[in-house]
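The following blocks contain the structures, represented as structure tokens.
Next, two complexes with subunit A in common: one pairs it with subunit B, the other with subunit C.
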Partner chain A sequence: MSVAVKSAIDDGVIEELRAIIGDDDRVLPGISSRVNRTRVPAPFPVHRWAEYMPDVAVLPRTTEEVSEVVKLANRLRIPVVPRAGGTGLSDGAVPLRGGICVDVKLMNAIKEIDLVDRTVTVGPGINMLKLNEALRPHGVFYPDDPASYPCSLVGGRIGTGGWSLLGARFGHTRDLVISMQVVLPTGEVAQIGDGGGRKLRKSSTGLTLKQLFTGHQGTLGITTEATLELFPRPEVEFSAFFAFDEYTKAWRTTGALTRSGLATLAGVVLFDEWKLRYLRRDDEAYIPQPESVRAVIAVAMYGTRAEVEPASKRVLEIGRADGGKYLGDEISQGDWASRHDRYATPLHGRSLDGQAVPMSWHCEDAALNYSVLPQVREEWHAIVARYRERYGIFDDWGMFAYTNAAHKPWGDYLVEIDVGIWEQRLDDENWDAWVRCKREISEVSLKYGGSITACHGATRAGDAELVPTEMGSAWPVVLAIKRALDPNNVMNPGKQRLDEAYE
Partner chain B sequence: MSIFRLGEQRPPEPQRIDDGVVMRFEHVYEVDPDKMRTFPQQDMPAWDTRRIVDARWDHLDWMHDHFADAVLPAGLESETMMPEEMPSETPGREEER
Partner chain C sequence: MDAYTGPNGDGQLQREFVERWRDNAYGCFSSGHKFCREVCPVMQVTRNENHTPTAFHANVVAMEKGLLDVADVADDYVHCTQCGACELRCPNTLFTGDFYRHRTRTVDVVKAMRALMVETGNERPGYKLWNERLAEAHSEPVLGDVVPSQDHVRDWADGLEIPVGGETILFVDCEAAFYRTSYTRAFAQLLQRAGVEFGLMREQWCCGGPAAEMGYMDLARRHAEHNVADWRAVGAKRIIAPDPHDYIAFTEDYPGYFGDDYEFEIALGVELLAELIEQGRIELTKPVERTVTYHDPCRLNKRKGVHKAPRDVLRAIPGLTFKDVDRVTQWSYCSGGGGGLPVEKPAITAEISRRRVERAAGLDVDTLVSACPWSERPLSEAGEAASIDVVDLFELVAESAGIDVGGARRGLVAEERR
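Up next, the complex of A and B:
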């Protein structure tokens, strides 16, 4: 079988792309355009940058243009890598085999706001913050709220299967997308939703395909239009932060809050001791707190005043029932507001001798059940400590656990360990060490019945090789779907071990 | 109209907060310069620090306003800090947007 394994772009391909796009300014074979579409914010093997560059970037404006570009790529067996904001914390948008980068940033139109059936239809290149600015005069909002809220785009959120800070109340990306238009790997265009209706939330016709096309990491197609859910704009927000002198009390209180039955609960976040230690040395808000503060819980609610006001009293009771101390309105309100924009992280860590050095931010995520959080936390920190000690270029920035399930916050958590990496010191040996570190962290997640990623995607070495293990008996089904939809393996090839579909 | 005087832009001497943190402006914490020998801290005039801090507060206010019409405070002070350690501008009332 002939599949796309290596880029084959020449001047003839560039000319065909220009004919499709019809605007030379939107076909970009120049070095700067390609360099800028290589990496994402996650730590990157900078010493091997050139190996990950696309051969050309295109900026389509319409579904038809995307379709024709993909048809060309499929005909010539050229890899295609979709890219939206390029803000992913794994490597979904990083080309592994060159090819055509389809950058959807210009497909950023709001096509329809339907205040009767409560939907908004957009192009994949629009940012949620900008979308909500346009929605505000209508009294509605789109509550997909990642740490990259000011900079990530709707298309990337769909491709990665994004998680939202407010997901316990409003749902995550896959719950918020009602239907979408997708260009398949062969270039055909399909309307994907629940059944056939563009604005229907529930149907039993045919197969439910929407989930399949949410979170595939750009391996099954390119979303070119999405119809999204609209919620009433909240009247009030309430956030409360509680401090604890030991992690287990904070963990128990987190469980109690998530089981409270309060319908306006939007999210609960648990900070561990390592996170507090990091914030004390390299961030600001917790520096004046006494040393007895070793774990923190953040909780937030959104809704009508009639709901949130009485519920806030209950949150204060639960938060303080097991030794929690309220951190005051300033931290509760200010720190919560900063949670919507975590890409403003300090980006410096510590070398082994305690010196502050520039580091990039790796956020290793997993989905884990509530019951295993304390043990996983110990094992993850022990792994990072071992690699830090040996290589001196890593730093443990602590862990968060966030409520993970849409509308059902009690059972499982998005768990993150933030690791600083001194990129300037990366070479093959240090990068291999980092990949091994990542793999060990992921193996712990699997050992405890978890998933190696809750929202970032298993698209980077260290995670990718474990995808078949985690999928288990479903892995042949995954391979059959990939092979059926992408017969020539052109769509983001090399990711998540899906090459096995062609062996 | 304020007059720019270079001499007034030199940050005040740092006050030690703990082993690794110093403070030159109220509630603005900095990594101890002794921990920044490998990558020295750049010199910043006072106005630039004030600009960044003010912008931070503007940003947080803007974020609140972006997600809801009003912020509901608990109306309680910090239970972890002594009164003299409390920030000087603790919001005490609900702010309608």
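Up next, the complex of A and C:
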């Protein structure tokens, strides 16, 4: 069996890496470079930090450098862990077996803006906010808009198969990537798209490979260049918040809004009672609503004035038809604008006795059908309540449900329960408890025909062991592809039970 | 490995450092969102995760866990201009800071780590040499090998007949006293034009702020004590600080050193100037035919929230075409000139300035106006390559007031003296 296990990086490997990169400042074997390329914002077993460090980090500038590094790793059976922003909410970029961290942040060039065929070609290290700053003068934008919009990078978005707040209107990351250059686990470079053309959105030649290389969590290769979609900057934005005195009314209204057929609808977000309680913990994170408010819906639309203005009237009708109360322009415009920042600040953590303690954030991101939302909600809150009561280091930060499918907002939802975890109190017992809690949450998703993860990646303990169950009869296909592309299991090994490909 | 074994003893200093900063660091570590990263001027250039504000906090936690020693991270902590952008962009500060009385204190963590580096023998060679020279001359070595002596600390004011002493003292920064003297001459003559009475110090030492930024706390304090004693000896009550760096030292460092025993009113140059113009005490009559944009100096905009006064002043100058970029966009701008970065990493400073000037060039302006002499040296060098003139706000105002400023913009007078 040729499975790369814990790596054996010696001075000879470091010298070879230096020869490939040609700049000692971009080959980083020092302890601080390793410590700072270990975790992501997701809950982390901080008491076992050293087990998750890469052995060396490299900062390549070109596809050729990445290719040569991966060839070296493949030859010597050294694990490779791709890392872009390191802002993921699962553990895609966390090394499980040491090895070489290929950190692509320096590959952040904008290589081409094509206003005729409407594409922009970039390196994977660029951030979307920075990209849009450069696109703005041209009247176009790249609408990949996650909560981490100011900090996540294009390469990580592709690797994780990211979800965008505006996805119902503009699509998510995989819908926005037209083609890309990928360094495969053997170090070969492949141009991956729909068919052969770098700027074509639809083809039936060969196999449709693009989907395979978005959302693989760094297990099938490293994207070193991406050609992305350009949209005209929307003329107008309309956003509205509606308050409800009970969840089911809000849930029904969410369904009605998403089935409305309004093409400019960019997203609908449903807040539950726990989420409102969390947001009321201070007087600034949310404009306070009276206790009678038990659920809220946020809606956003983008497009031309000719489309959005009449559509907004329809949204206001539907939003109020089943007892919803429009919350006014101030909260609607202001809160939507800052939604990216507002959830999950560690200072809102509360211990069992109500003291404020710094908590890190777990963001569950199951994909679930509309019909099961009320039932899943009850079961999830019950699980978190049980663990919170028993261990005292967890906190229920409430739930959101977001429209999930690109361009088709009616059928399924990205469903999020946010759990605060007091990292300073983590030891083996508490960490194991967290993993069990996480697994129980995922098991509920599977029980109701859902998926563990809509966008973050099922790469962490508590998720990873359930991936074969969720994939079912498709799992052998997954293993065959992994084995074919990565014969020595060097590319981000240990993730999602993919080791089974080598058993 | 003993987590706290420093090179110079039993590691007690590192232990105290961790205990002092751990809780604040956990505020960042637990969040981990890294919203700070793309506004950080250094990170925008190096793209190295070691140089991020997030890493500066995570390292404290890693030290607590026994993974890191001060020696392991000493070079990383040089990669900071102490501009404060990361603190503003931090979700903890931005959204919940005042409710919880919490502020992510990255600038202070960097300063404290640099102090620990000095105390544990991990100081950087460039910082060491710079501060040895400061200790000898009591002014920073802003002229390179030419020692800026106390005999010449008031040369910038030749011919202006400014008295020594009085209730109001004009404090003149080292860079402004020896290198960009046009800045200081412009400001002093504008005060004279408005009839403001002020004097100079008997013996002016460096404010000590840069030494504190580089971790030389004893040296910084010695300079602060000297200056305060000099102010008291002439009965000063009000100190005018035209330089934003001095203003930070006098309003943040000095109160920390002296506590309640610090009785001075500190006036910021640009705010005073804006007031004098508004009151009609300085008339701007000569049109200045330039197309300009304004560089928000970090210590004004990001550290002190001062962004309105300089814009008011610019808009009062006749003939000027002003293409503004808002202050929040400028959170991610910097000259790279602060926090000792150019002392240790001049190439990064030069690249930060090059990018800043490039943004100005994109606005089709002929002039970049700043309001901080420390930014103006690297910006001027970058501006030369891009054919953009870098001018200080005071210099521009003086021109519009019909004042023949004199002095040097790039240390030329000092060069001639050599």
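Heads up, the rule we're going with is that the second predicted complex is superposed on the first by the 490 of 503 C-alpha atoms of A that agree within 3 Å, B and C clash if a C-alpha of one lies under 4 Å from a C-alpha of the other, contacts with A are read in each partner's own complex, and residues count from 1 in each chain.
The criterion applied here is as follows: a contact is a pair of C-beta atoms (placed from the backbone, for glycine too) under 8 Å apart; a residue touches a chain by one contact, two chains touch by 3 or more.
This structure is a prediction, so every number in the text was calculated from the model and none was measured.
Contacts of A:Asp103 after superposition: subunit C is touched, whereas subunit B is not reached.
Touch criterion met: A:Leu129 reaches subunit B and subunit C at once.
Applying the stated contact rule after C-alpha superposition, one finds that A:Leu28 touches subunit C and leaves subunit B untouched. Of the two partner chains placed by the overlay, only subunit C lies in contact with A:Asn36; subunit B stays clear of it.
By the touch criterion defined above, A:Ala356 reaches both subunit B and subunit C. When both complexes are overlaid on chain A, the residue A:Pro234 reaches subunit B alone and has no touch with subunit C. In the superposed pair of complexes, A:Ser312 makes contact with subunit B only, with no contact to subunit C. Contacts of A:Ala480 after superposition on the shared chain: neither subunit B nor subunit C is touched. When the two structures are aligned on the shared chain, A:Pro288 is found in touch with subunit B, with no touch to subunit C. The intersection of subunit A residues touching subunit B with those touching subunit C, taken from the two complexes, comprises 129, 282, 284, 341, 348, 356, 358. Considering their complex, residues 23, 26-27, 29-38, 47-50, 52, 54-55, 58-59, 61-62, 65, 67-68, 72-73, 76, 89, 91-92, 94-96, 98-100, 102 of subunit C touch subunit A. Chain contact summary for the complex, subunit A toward subunit C: residues 28, 30-33, 35-37, 39-41, 46-47, 49-50, 57, 59, 85-87, 103, 105-106, 108, 125, 127, 129-130, 148, 150-151, 282-285, 341-342, 344-349, 356, 358-361, 423-424.
The touching residues of subunit A, counted against subunit B in their complex, run 129, 132-133, 141, 145, 233-240, 243, 280-282, 284, 287-290, 292-293, 302, 305, 308-309, 312, 316, 320, 325-334, 337-338, 340-341, 348, 350-351, 354-358.
Considering their complex, residues 17-18, 20-21, 27-29, 31, 35-39, 59-61, 63-64, 66-81, 85-87, 89-92 of subunit B touch subunit A.
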